[in-house]
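Both complexes below contain subunit A, partnered by subunit B and then by subunit C.
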Partner chain A sequence: MFTWDLLANAVVAGILLGGFYAAVSLGVSLTFGLLDVVNIAHPAFVILGAYAAYVMNSSFGLDPILTGVLFTPLFYALGAGVYRIYYSSFERRGEESLRGLVFFFGLLFIIEVALSLKYGVDYRLVEAAYIGKSIDLGGVGIAFRLLVPCVVGLLMTLALSLFLSRTFYGRAVMGVSQDQVALRLMGANPVRIKTIAFGIGIAAASLSGALLITISPVVPSTDRDYIGRVFAITVLGGLGSVGGTLVASIILGVAESLMATLFGPSWSLAVSFGILLLALAVRPAGLFGR
Partner chain B sequence: MRDVVAGYGAVRILHGVSVEVREGETVALLGTNGNGKSTLIKCIMGLLTPDAGEIYLESDGARIDLTKRSTEEIVDLGIALVPEGRRLFPRLTVEENLLLGAYRTGARADIDRNLPFCFEAFPVLRERRRQLAGSMSGGEQQMLAIARALMSSPRILLVDEPSVGLAPILVTRVIAKIRELKDRYQLTVLMAEQNFNQATKIADRGYIIVHGRIEFEGRSTAELRENELVKKYYLGV
Partner chain C sequence: MNGFRTLLGWALVGAVAGTLALAGADVFVARAADPIKIGLGMALTGGLSANGKPALMAIQIWKDDVNKKGGLLGRPVELIAYDDQTNPATVPGIYTKLLEVDKVDFVVSGYGTNLIAPLMPIAMERKLTIMGILGLANNEKYKYPSYFQIQPSGPDPEANWATGFFEIAARQNPKPQTIALVGADAEYPRHAIAGARELVKKFGFKTVYDKSYPPSTVDYTPIARAIKAVSPDIVFVASYPPDSVGMVRASAEIGLQPKIFGGGMVGLQFTTVMTSLGPMLNGIVNYDFWAPESTMMFPGIKEFFAEYQKRAKEAGVDPLGYYLPPYAYSAVQILGLAIEGGKSLDQQKVADYIRSNEFSTIVGKVRFGPNGEWAKSRVLQVQYQGIKGTDVEQFRVPGKKVVLYPEEFKSGTVIYPYSAAQK
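For the complex of A and B:
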């Protein structure tokens, strides 16, 4: 039964979902969009972050999003380490395109399997005071479990955008894939710059994992739902454009929410790939690509 | 630099080259394509490690061996290169390119002074500060490449082939700018160039490099002009 209320609710839920999708995609926008590293293991780090939030919540009653923030230095270090291995094993030898892809694909499965062995394949969830609460704005319900991740996602987008445009490291990150020799002539070490950027990308992934488990329960294989989504968002937004990532995330969030409301939730994944194909056909540079 | 030998793999380009640039000088490194000018500059910047010979920077009584330093460390010493082919960041704006020029620690505090100066020296860059560098004309890109090097507050400016790909009128303008900037900043300049007439307009003296060897050292531009090699190769006499 279609009503305007239903439509309004679907759109609002989609926008809120979009803020969260931006959080999940920011890291890929950084690593794939700006560093040219096809990090398809990104969603696995999201799930790893979700499980960190789950463990701290179930063991110590710590708030999931607070856990996500507290764990970012650890995941930054993890990401920096992963990039160093990737660099010395593949990128330095110019073998990154295919073997690098296999490396990240393997990493994705190792993380997924390790989580399954340790925590099983049951759905895990977190508890917090705001989960389950909502406010009603003239017939449109806003669930806090969606609102809080959306706000955090927007703050993350703002922070990354400021980092890239206002800091010396950020500008070097934007230039690093364009000309590495030129970057060295500016006095910046490209490997160091990429290590920092990759660390930030993985830290963002882990924080978005804490948001994910706040929104809905998680199993180790949840990462697979996000591979298509994050790359669709990154390409649609324009490679390396943080603002574009946010806009594309909201477009995808609203599209998925409408599809789920009108035709059922099983269609929602088809939406991301449909949008990806459409973007590649009509505007390959993305909405905000340079 | 003294007796520098360098090349790529089995191909030897420089066969024992010695070049000296004193503080405050503008020295031209003259030679046609394929004689080793760019290779020599790459050695100075640490982009290529010489097989033999020494390259050092003497300042305040200290002697720094550049062959043991990375490119980043050499830039940090206050040596900036305007590279051949300009090597801008094409998908960054003019302003972002300039700010990246000020990346080295010693230059960041000078941005408030250097950025207005670059815009004053090259007004076109101010007009186009929000435009992507790759969308500008060749002459404008060359101006940006020079301005970006100046943003690093260099003591020594290396310029590799500033005239390549530019219309003659633009070459004259770019060369005149380099001189103007040198005077204002008290820069030391080493310029690799194949356009003899343009280079000798601003050089104090110069070297002629042929097949990876210094064939002639002119203590003044007049001496260079009188040289037989120059007459043969450049002036068509």
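For the complex of A and C:
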């Protein structure tokens, strides 16, 4: 059944979902898109962030998203540490392509198993005043559970975009992705720059984990649902393009939502990945890739 | 001298005979003390681990209970369990190892339809007796006579699964007319929806929505909205825990208010989900296997929960454990009773004993039908009523999950329509 009301609601729901997808994918856009590090463990850090939000919420009643923000320095440090290990063990020796991939796969499983051992395997959810509530704007219903993560996702995109374009370190990160030798000649240490960028990527992952647990329940193995999705969004948007990641996220979110509302949800993922294949056939570098 | 030699000869013969006799006795004692090994794969990590871990814990409680009473046939029971990672591809390897390397005497299935399915050909090839732990319609194609399923689905598992939900709906006045069916693209929901379609025909409802969704769906609002657009009187949902939570939340957010809502949602039985959804559950009519109602207090169940809840706290698994654990316990309880009753470890004799006897378990009396399912369905339909806030203690007492079906276990009456229970 088609109505304009249904269409408007589907588009809005898709945009909200896209904002959340952008938050989850930003870190991959940074680490994979700009640094060429295939951090397959990214979704595991998302889940780690979700568990941090859960623990603070269930123990101290702290808002999950506030927890996500407060924990970003900690995850930044964790990310920087992981990159240092990766660099000294693989990248420096030029063995990053396959062995590095195995390293991140291993990391993904270690995080998953560590979470299982520490917190068990029960579904974890958080409580917040805005979960379960919605507002109606001219017939378009907006659930706060999705609106809040979308707004945070948009803010994260804006912040990362400003960081990359307006700050010295941001420009250095862009530089590292283009020409490391030239960057070295300018007096910047590419390893240090990459450490900072990787740390930011993991901090973004942890914050998006807090958004995830606001939307749906989480178990340690939830990360597996996101591996394909985040890399697809990054590739569709164009490697290293933060704006492109947001656009790709919204395209996939709206496509999923429209399919689910108007034609049947079973096709939603197939259509999303169909869009990815089609876009890559036309623009192999992605929508905003160089 | 000759007398001395003769005496020495007899003493030697006696010593040898005595040594042999003692050695024989030792062998006999060792055999009698050899444990009876029961092996299984279980989802200790991966998507179904939230149920797999409590299931294994329940089976371990049974093992401890049995060993405290002297074991089975005078021999202790040993459990050998491996993590199947909720991955059906690991099942053949795990059970081959259990049978060939660990030399287990009996095997029990892992948890869930998807993990039982790959065990069926192995069991049939080796003529094993299989106790299945919560699988839906696993034996419908095979008709394997030594398969027994502890899930109380009944003789026609697909249809029986939702019979109670449809009977309750059809009994209301005025009778609801239209129905929406929605479920995940996965093994269990497909079976449940297939059974629901048959029941739609039987009860004369009109289907206005019949769609499935991928299990990795993040946002359920568009699905709930599409269902709301066709205004069904009944919404039947067959879902796994994350989607159940997603559907309940999305329905509450967009104001989807059919006259009756629920049916086959896995996850609403879990304590963490119940405490998180809180009052959003009010009015939902859903399948369940056990509820702390006076009609469900079978012998031994209180003692089981006391022990389970003590262990669950340390293990970080479902703190109440009302859904799967008592059934996992009962599955091995029946196996133990059959070994004792049949006085044998022979697979065929044990299967014959299970097939021809009724068992008193902590989930009540269990008798199996020809297809290995319960001879009579006992899938409960409960309605969440009067839930306030998110306190876990409220779920320990009667009146929050009122049993509506089957009649013999009924503990209250349905609040109809759905919206009336939410006030």
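Before moving on, here are some points about what is shown:
One rule holds in what follows: the second predicted complex is superposed on the first by the 276 of 290 C-alpha atoms of A that agree within 3 Å, B and C clash if a C-alpha of one lies under 4 Å from a C-alpha of the other, contacts with A are read in each partner's own complex, and residues count from 1 in each chain.
Note that in this section a contact is a pair of C-beta atoms (placed from the backbone, for glycine too) under 8 Å apart; a residue touches a chain by one contact, two chains touch by 3 or more.
All of these numbers come straight from a predicted model, not from anything done at the bench.
Bringing the complexes onto one copy of subunit A puts subunit B beside subunit C with no clash.
Of the two partner chains placed by the overlay, only subunit C lies in contact with A:Leu6; subunit B stays clear of it. The angle formed at subunit A by the C-alpha centres of subunit B and subunit C is 150 degrees to the nearest 10. By the touch criterion defined above, A:Leu277 reaches neither subunit B nor subunit C. In the overlay built on the shared chain, the residue A:Tyr123 is in contact with subunit C alone; subunit B does not reach it. When the two structures are aligned on the shared chain, A:Asp179 is found in touch with subunit B, with no touch to subunit C.
In the superposition on chain A, A:Gly187 makes contact with subunit B only, not with subunit C. Residue contacts after overlaying the shared chain place A:Gly141 against subunit C, while subunit B stays out of touching range. More residues of subunit A lie in contact with C than with the other chain of the pair subunit B and subunit C. In the superposition on chain A, A:Arg171 makes contact with subunit B only, not with subunit C. Taking every C-alpha atom of subunit B against every C-alpha atom of subunit C, the smallest gap after superposition is 35 Å. On the subunit A side of its complex with subunit C, the touching residues are 1, 3, 6, 9-10, 13-14, 16-17, 20, 112-113, 116, 118-127, 131-134, 141, 143, 145-146, 215-217, 219-222, 225, 229, 256-258, 260-262, 264-266, 268-269.
Contact residues on subunit C toward subunit A in their complex (touch as defined above): 44-47, 49-50, 52-53, 86, 185, 211-214, 216-219, 221-223, 225-226, 229-230, 241-242, 245-246, 249-250, 252-255, 267, 270-273, 276, 280, 315-318, 390. By the touch criterion given at the top, residues 45, 47, 70-72, 75-76, 80-81, 83, 87-92, 96, 99-105, 108, 132, 148, 152 of subunit B touch subunit A in their complex. Residue ranges of subunit A in contact with subunit B, taken from their complex: 168, 171-172, 174-175, 178-179, 181-189, 290.
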